[in-house]
Amino acid sequence: MEKTRLEAFSDGVLAVAITLMVLELKAPVQARSLADLASLTPAFLSYVLSFIYIGIYWNNHHHLFQATKSVTGGVLWANLHLIFWLTLFPFTSAWVSQHFDASAPSAVYGVVLLMAAIAYYILQTVIIRAEGPSSLLARAVGRDWKGRLSPLVYLAAIPLAFVHPWIADGLYTAVALLWLVPDRRIERILTGV
Amino acid sequence: MEKTRLEAFSDGVLAVAITLMVLELKAPVQARSLADLASLTPAFLSYVLSFIYIGIYWNNHHHLFQATKSVTGGVLWANLHLIFWLTLFPFTSAWVSQHFDASAPSAVYGVVLLMAAIAYYILQTVIIRAEGPSSLLARAVGRDWKGRLSPLVYLAAIPLAFVHPWIADGLYTAVALLWLVPDRRIERILTGV
Amino acid sequence: MEKTRLEAFSDGVLAVAITLMVLELKAPVQARSLADLASLTPAFLSYVLSFIYIGIYWNNHHHLFQATKSVTGGVLWANLHLIFWLTLFPFTSAWVSQHFDASAPSAVYGVVLLMAAIAYYILQTVIIRAEGPSSLLARAVGRDWKGRLSPLVYLAAIPLAFVHPWIADGLYTAVALLWLVPDRRIERILTGV
Amino acid sequence: MEKTRLEAFSDGVLAVAITLMVLELKAPVQARSLADLASLTPAFLSYVLSFIYIGIYWNNHHHLFQATKSVTGGVLWANLHLIFWLTLFPFTSAWVSQHFDASAPSAVYGVVLLMAAIAYYILQTVIIRAEGPSSLLARAVGRDWKGRLSPLVYLAAIPLAFVHPWIADGLYTAVALLWLVPDRRIERILTGV
């Protein structure tokens, strides 16, 4: 089964999700000056963070399927499951930006990040099962400490959001920065071959 | 005629439809706590169901065109007809989520499901007519009991929505779960060859 | 220069435009019964017509570029010019659906149809100039009576909208039906070769 | 690493951004006549300008990657960085159209144009570093006076917006027109080879 359409559909959903989030950035009707824009700071920061997260997922998805040869029915559904959680980013991103100082939005933001990380892990596992343990992908993923650390940080951040939302927000930002350092794992293996 | 653009355009519309539906998930302006999110439960459940349905259609469309060789003018229009009904999902999904306890939204949700199922059947028939009765697709579809059962269930659910909307909603959910079990029909035939 | 990206970008814009139009179909907040849906009839009819028009343009664009070999800088801009007018369909479609009995929305709907038809004609001309007068496309287009008739009908419909908007709306519908009859011109020539 | 998905994702985001901007074009609820449309003139002009800018970026992006052979991790992120600034066009475009006579929206519009130009320059530089100084792209870009002039004009326009917003708007329009003249640089080199 070809992987082209799976990639195209995923790209489409991510492209729409990333662009819809900017709709949350609405200048208040009476805003006319630079000072009036200050009220958009939380919305802007929340947009930047969510944009980076979608970017990271697109990037990793890109690497993952580059190392994938066969697409089974199970892969299709595991991919749709990942996409489901990613489509919720515009919702959680909007809620956080409206109540930057509230705990629940920040915690729910983390829950969706956690679910997306789990969905990515499931997708990766389903693909490796199809590709075999000696595949390029299986070897590359073996050293995936970022993929293992991230859900643990989200898991810690969710309850910490109820201590103060900015602790959780800080942790989400830290994980995003961790991933921004380009992921050379799969790339290196692929080049080595 | 190439089928690439037909697939790309269909993917695009489905990707936008699936992502637009999440716009319906809007936290009320004053919502700040987890308890406030409870009011979003119907909207969330309705989103999950509609997401799964779009996913099923994308999946089946993917399989259908993988088994298709030639694209005629008739196929282009039969495909646009299917897309037409699928673009109405964000509308019916939004209406159901606003009035979870009303009969009309649930019945109309079923009407659009029924029309999409009929449109899919027409598309499949137009393709088989072009491919010939001995084609891979014709043989694979011959055993398509899910495709035959689904519209009958929708047909029963529409009047039952006026007894109680949750009967209809339960039936729509049952059909969705039926399809979630991965469709190995076409896949198996293709592999057998 | 490759034509793949031009096609992909055009498909993307048309897919988004077609799906955004459905946002205009919003059930009134208190609408709970089938009778309440009656108020959506103009919006629904307007959606159906605009959907068909976008479908026709997608279809013709598909045929046009299938018969095209080289893409020049001029073709890129002529294509963007066509896309510009097509992106205005959601606006004119929404305005018509809000004031089904007013003349101005119906006339403006026609102006955008006319501009899109002219933009399509320009695009076709730019492509034929690049392909040469003996190209497949040049021969196929030579008999394009639909492409010549349509703008004349729009031109007549625009002032007639000020007599009564439904005259204009009827003419737009008639042209759409004319095109729904599958366009076998280019297809036939291509097959003949 | 393949460049297909990077192109497809960028196309998707630009297609959505260009189409979302048209949502800003909303006829006032009571608008029924052509005279009522006059109030939309600023929104329409702002849409035309932003559409042209997205078109220019799509066009240049198309040329840039046509001359690109290898896609590295750095290119992926430099491309996402460019996309980030382009997704802000719907926001700045909407703000300008709501307050056509205010300085801050016009200045912020220029800031986003400037950041996008810088992001494009970074992307180009990252690609040239990967391709090598004797690559087709490096030679083509050597004569890129438009790419060097544009950010200087934005830089001048931003403070001038506080003298009068229309001075800045005029400069943005002038730069757009400059680019509309089709960019034959890369095209010529490619043909020469």
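Observations
The chains carry the letters A, B, C and D, assigned in the order they are written, with residues numbered from 1 in each.
Rule of thumb we're sticking to: a residue touches a chain if its C-beta (ideal position, glycine included) is under 8 Å from a C-beta of that chain, and two chains touch if they have at least 3 such contacts.
Owing to the predicted nature of the structure, the values given are computational and were not obtained by experimental measurement.
Superposition angle, chain B onto chain C, using Cα atoms only: 90 degrees, a multiple of 5 between 0 and 180.
Annotation: the chain A:chain B pair of sequence copies touches via predominantly different residues, less than half of the used numbers being shared.
If you average the Cα atoms of chain A and of chain B, the two centres end up 26 Å apart.
For the pair chain B and chain D, the distance between C-alpha centroids works out to 37 Å. Contacts with at least two other chains are made by residues 8, 12, 15-16, 20 of chain D.
Put simply, chain B touches chain C in their complex at residues 1-2, 5-6, 8-9, 12-13, 15-17, 20, 72-74, 76-77, 80, 83-84, 87-88, 90-91, 94-95, 98-99, 102, 104-105, 107-108. Contacts from chain B toward chain A in the complex involve residues 7-8, 11-12, 14-16, 18-20, 22-23, 25-27, 29, 31-34, 36-37, 48, 51, 55, 58-59, 62, 66, 180, 182-184, 187, 190.
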